[in-house]
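Letters A, B, C and D name the chains as they come in the text, with residue numbers starting at 1 for each one.
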Amino acid sequence: MTDPIIEHAVDMESKRFGLKKPMVRYDTQGEMSDAERVKKAMQHFAKDFGYVAATYMESCVHCGICANACHFYVTTGDPKYTPIWKIEPFKQAYKREAGPFAFFYKLFNLKHKVTVEELEAWQELIYDSCTMCGRCTLACPMSIDIASLVGMARHAMFHAGLVPHELWAVALKAEEEGSPLGANPKVFKERIRWMEDEHEVDMYIDKEQADILVCMSSIEIQKYPKSMADTAKVLNYLGLSWTFHTEGYEATNFGLLSGNLDWQKDMSQKIIDTAIKIKAKTVLLPECGHAYQAMRWHGANMYGQSLPFTVVHISEFLADAVEQGKLKLRTVGKTAAFHDPCQVSRRGGATQAPRKIIEALGIELREPASSGDFNWCCGGGGGVITIHRADELRYKAMELKLKQMDSTRAHLMLTSCSNCRQNFDDSGEHLAWGRKIESLLELVADNLIEDK
Amino acid sequence: MSLDDIPIQIAPPQEGPSEMPKALLHEVWELLQAVCAGRSVRERIDLHGLPLSPADYQQLQQLLGRGEVSALIEASGRSEVFETAVAGVWWLRDFGADERLVAEYLEITALPLMLMTHHDDLCAAVALLQQQLSAE
Amino acid sequence: MSVTLLDFARGPAMQWALIIFVFGMVWRLVGVWGLRHKADHSQPRVTQGVWKRGLRAVFVRVLPYPEFAPKVQGQYWISYVFHLGFFIVLLFFVPHILFFEDILGFGWPGLPNNVIFFVGGITVAALMVALIKRILNPVTRMMSNFDDYFAWFVTIAPVVTGLLVNANLIPNYELMLAIHILSFQLLLIYLPFGKLMHGFWLMVSRWTTAVRFARRGGLS
Amino acid sequence: MKKADTLGDELRRQGISRRTFLKFCAAMATSMALPASMAPVMADALAATRRQSVIWLSFQECTGCTESILRSYAPSIESLIFDFISLDYHHTLQAAAGRAAEDARDQAMQENWGKYLVIVDGSIPLKDGGIYSTIDGHTNLETLETVAAGAAALISVGTCAAYGGLPMARPNPTGAVGVDEIIKDKPVINLPGCPPIPEVMTGTIASFLTFGRLPEMDRLGRPVAFFGDTIHDRCYRRPLYERGKFARGFDDEGARKGWCLYALGCKGPITYNACATIKWNQGQSFPIQSGHGCLGCSEPRFWDKDSFYKPLSATHWGNAAGLAAAAAAGAAVGAGVAVLSRRHQDTIAKGE
């Protein structure tokens, strides 16, 4: 069978970097009976019924407070976007199959068996309307980490073949081609060479040994290639031993986003193996939120043991250099608003890093309401931006986001996540924002004081 | 140690009269009206069974006042009767032979039953007197 | 007539209610704790005092973060009013203290009845408001299931029956007292099996999240 | 015996005026919470009746009930009741004894068949053919059934006659029961109490005399007029209960200050009786007033119910060992369920 999904080409024209809008949607994958789909889903639900998930699913009191934290609920007012509701089938399966009273739930059919119709209906809630930004976790009086539960629910959805068309396709491309969006090793190499010429900066690739393995996301490779040059510029400025590597460069992890744990592991493994191979002490991750989540916090767990190197996000890396006084920066002046990428700040623990850099640039940071750990998500993460079906929803969420950013009346709009950035670009155009968000890394690279 | 040495004191109940005396006065007025209009000859209000606090009790006495007639009856213990300042409203207290209050009520009538000689007693007196006379 | 309802409520019913309460509660907690714990191999950002953060979160999260307060404080207020009201009535009504004293062997000072009745009244009112809000709010209406309404019922029932016992509106005090005790036992028996168990889970859940995020250096 | 036409004639002959009569009725109306205007009506009705024949049967009892009714010792207004009735048979009170006494009873029964009132104090043993209490060779059961057959109504005086009382206390060696367990075809009224209040007894008899029938009863067969409220409802210490002032020992400050005795096991809240209003010994006092909680003696099974000193809100909750066992069982089941759940998860995960 020829899978029609794969035939969709990467859309290089749109501000949003992804697949072209499919003429016909195929939101179910594989040839499976309904019963098989449910069985597959249950198989993977069951793998996630550990203590942590169980505690969370036992704890919910149905207070609905989490709805107030979710950008999708707040902007639409539709109750189905209530975060905890998004894992309802997962919860239902847990109560019936694994909870302490599962026996009674089953015996009296208190929770019926999850049906394929339910799983199909929930596809939109689990994928289109959740960026796994975790803002709801902070709102929940019981501290239920709903974002991680959604991540788990996606495992089952993937194996049941119930992933939104585009997300499934990019995940498959990433697994098969090494990059979700056509940045295969050949393209990667070409673009590095191009940037090297364009920006007159030395860029190392496939060095046999280096202290730092630098990874890039395909968004940057394809859409914001200056990031590659700027990363190189900073690393060279600091005089560090570093390299890109064609065997392990793709930082995005669509295995994580789509819910395929095996693929997630494959994608992380490439970087891990490469880093070990070149004896890297550090893996430097680009301005990409979920890439950070995937490698920094999931990486070792995919590997099955602690990693023999440290994993840092470029903003953490820059902040360290600034703090150690190694990075001399021009005073930019002006005022700026910073959009915290959810996976780096709230769920990554690196909330302070960008603030230190902004301070070092002499920029007055204007924090809008709900920033830092409480930042409103851009609405495009977690794979949402690839799904055309979710566009209207995403634009709605972005309205809230832009209003928040505009409220600061700052000169500069900054972020340190290329996925957020492309969402700002795409939604900003759609909503006629008339402004542009800039990369913190690029701002740093543009303002290095070369005192040599 | 005598009983008096046991230092038991009872905490006093809340002070001040309640709405009770006023409500009672309304009832008295209605009954008095009925008797005045000839719809009834005799009406009674039991005071003993009502939850009257000492303050209530005192106020009721003040409100009704004391009228012209008062009487003492000796019949298996004492009974006290007096007409209140409100004519036709009589206040009666019955004591047992042990000086215990056994009944207390207001009677709204021209003359309380307690003061009247019952017809049967009166007839019995006829027979008794006749006996005495014939014995002489 | 041999055994009255009150005798049953004070005797076997109380024994079984307590046994089921303790049994069910431990069962559920152990049953969840006994599921697989997955090790986290990621390099922690913070290693010191992670457990302290866990403990702290149990208390810190008693109030919403100021970020969310404007939208959710009404709901917090209502729920705190009935939670606190419920516990004040439960723990500071002298006859209740005598109940605990009999079990624990020690007691504590109580509050005057009129204070208790006032608090009880407020508790009932807050529970009513909570129910109305649950039904009117589309989010909570959608999510609510039997557990939510039944838990509400078993919570309000002892308060209402307790007030009725003391209001003496129903002539048979003894029967009402028995119903009151039975309604409390219904609460005890149901507690481990429904969402009322959140009284225990809230500690476990807050702790779990706080510890998970503390090692990342994140907020929880 | 010289026979009077009516009670009125009879009393007049004894020099008791109708005013006394009226007074008696006013007192009765008050104690039974009848409308005050009923008193003159009662007096007229009573005057027109004949003297009521009463047969008093004593079974398994302590004579406390008889003592109680006699303890209206001064020539009180209530004691008038003895002038209104013809007590034709009463072991303790009658002069006759042995055969003569039994003959008197038979005669009264014959003369007043279908009209006499039977008062019973004491419970009736049923075990082993009722041999545990016999009179003149007859078991109490036989006597009761024989006498009740011609009765207009029965009054069970005291908790023993009403509900079995102390003889019925566990293990109830004699198989004692109350009257209404046996007599089903006649009106029976219960006047429980250990002993019952004299005014309750005389009031109920007076009510029967005047109206010719037993007064309104509650679900336990007690006259509502006297047993309509609990001791707690009418207790003068109730305000202290409301204020949360409780004596915690019989010699503490609270006890000295006369605070509520709830914490000391007072059963006032679940005991229906008129002690708090009518009181005892000519309105002198009642148990709570003298510093001891109500034992609940007018309620069925009061003896077996509970410790007299256990607060009503304290329960028979079991013991710590039982709860520890429940916790241990819960832990075992929880662990077992977790293991099963893990296995079940593995099975599902394998997709089998």
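Assume a contact is a pair of C-beta atoms (placed from the backbone, for glycine too) under 8 Å apart; a residue touches a chain by one contact, two chains touch by 3 or more.
Just so it is clear, the model here is predicted, and its values are computed rather than measured.
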Chain with minimal offset from the mean of all protein Cα atoms: C
A-C or B-D, whichever has more C-beta pairs in contact: A-C
Interchain centroid distance [CA atoms averaged], chain A/chain C, Å: 38
Distance between the centres, which are taken as Cα means, of chain D and chain B, whole angstrom: 31
CA centroid of chain A to CA centroid of chain B, Å: 94
Chain A and chain D: spacing of chain centres that average the CA atoms, whole Å: 81
Touching two or more other chains - residue numbers and ranges from chain D: 334, 337-338, 341, 345
Shared-contact residues (touching 2 or more other chains) in chain C: 27-28, 30-33, 35-36
Residue numbers on chain C that touch chain A, as the complex places them: 27-28, 30-33, 35-43, 45-46, 57, 61, 64-65, 67-68, 71-72, 75-76, 79, 137-145, 147-148, 193, 195, 197-198, 201-202, 204-206, 208-210, 212-213, 216-220
Sites on chain A touched by chain C in the complex: 49-52, 54-56, 58-65, 67-69, 73, 79-80, 82, 84-85, 98-101, 137-139, 141-145, 296-301, 303-307, 310-311, 346-351, 370, 373-374
Touch list for chain D against partner chain A, complex: 334, 337-338, 341, 344-346, 348-351
Touching residues on chain B, where the partner in the complex is chain D: 7-11, 13-14, 42-46, 48-49, 73, 75-77, 79, 92, 94, 96-98, 100, 102-105, 113-114, 118, 120-121, 124
List of chain D residues in touch with chain B within their complex: 8, 12, 16-20, 22-24, 26-27, 29-30, 33, 35-37, 39-40, 47, 74-78, 80, 236-237, 239-240, 245, 255-259, 282-283, 291
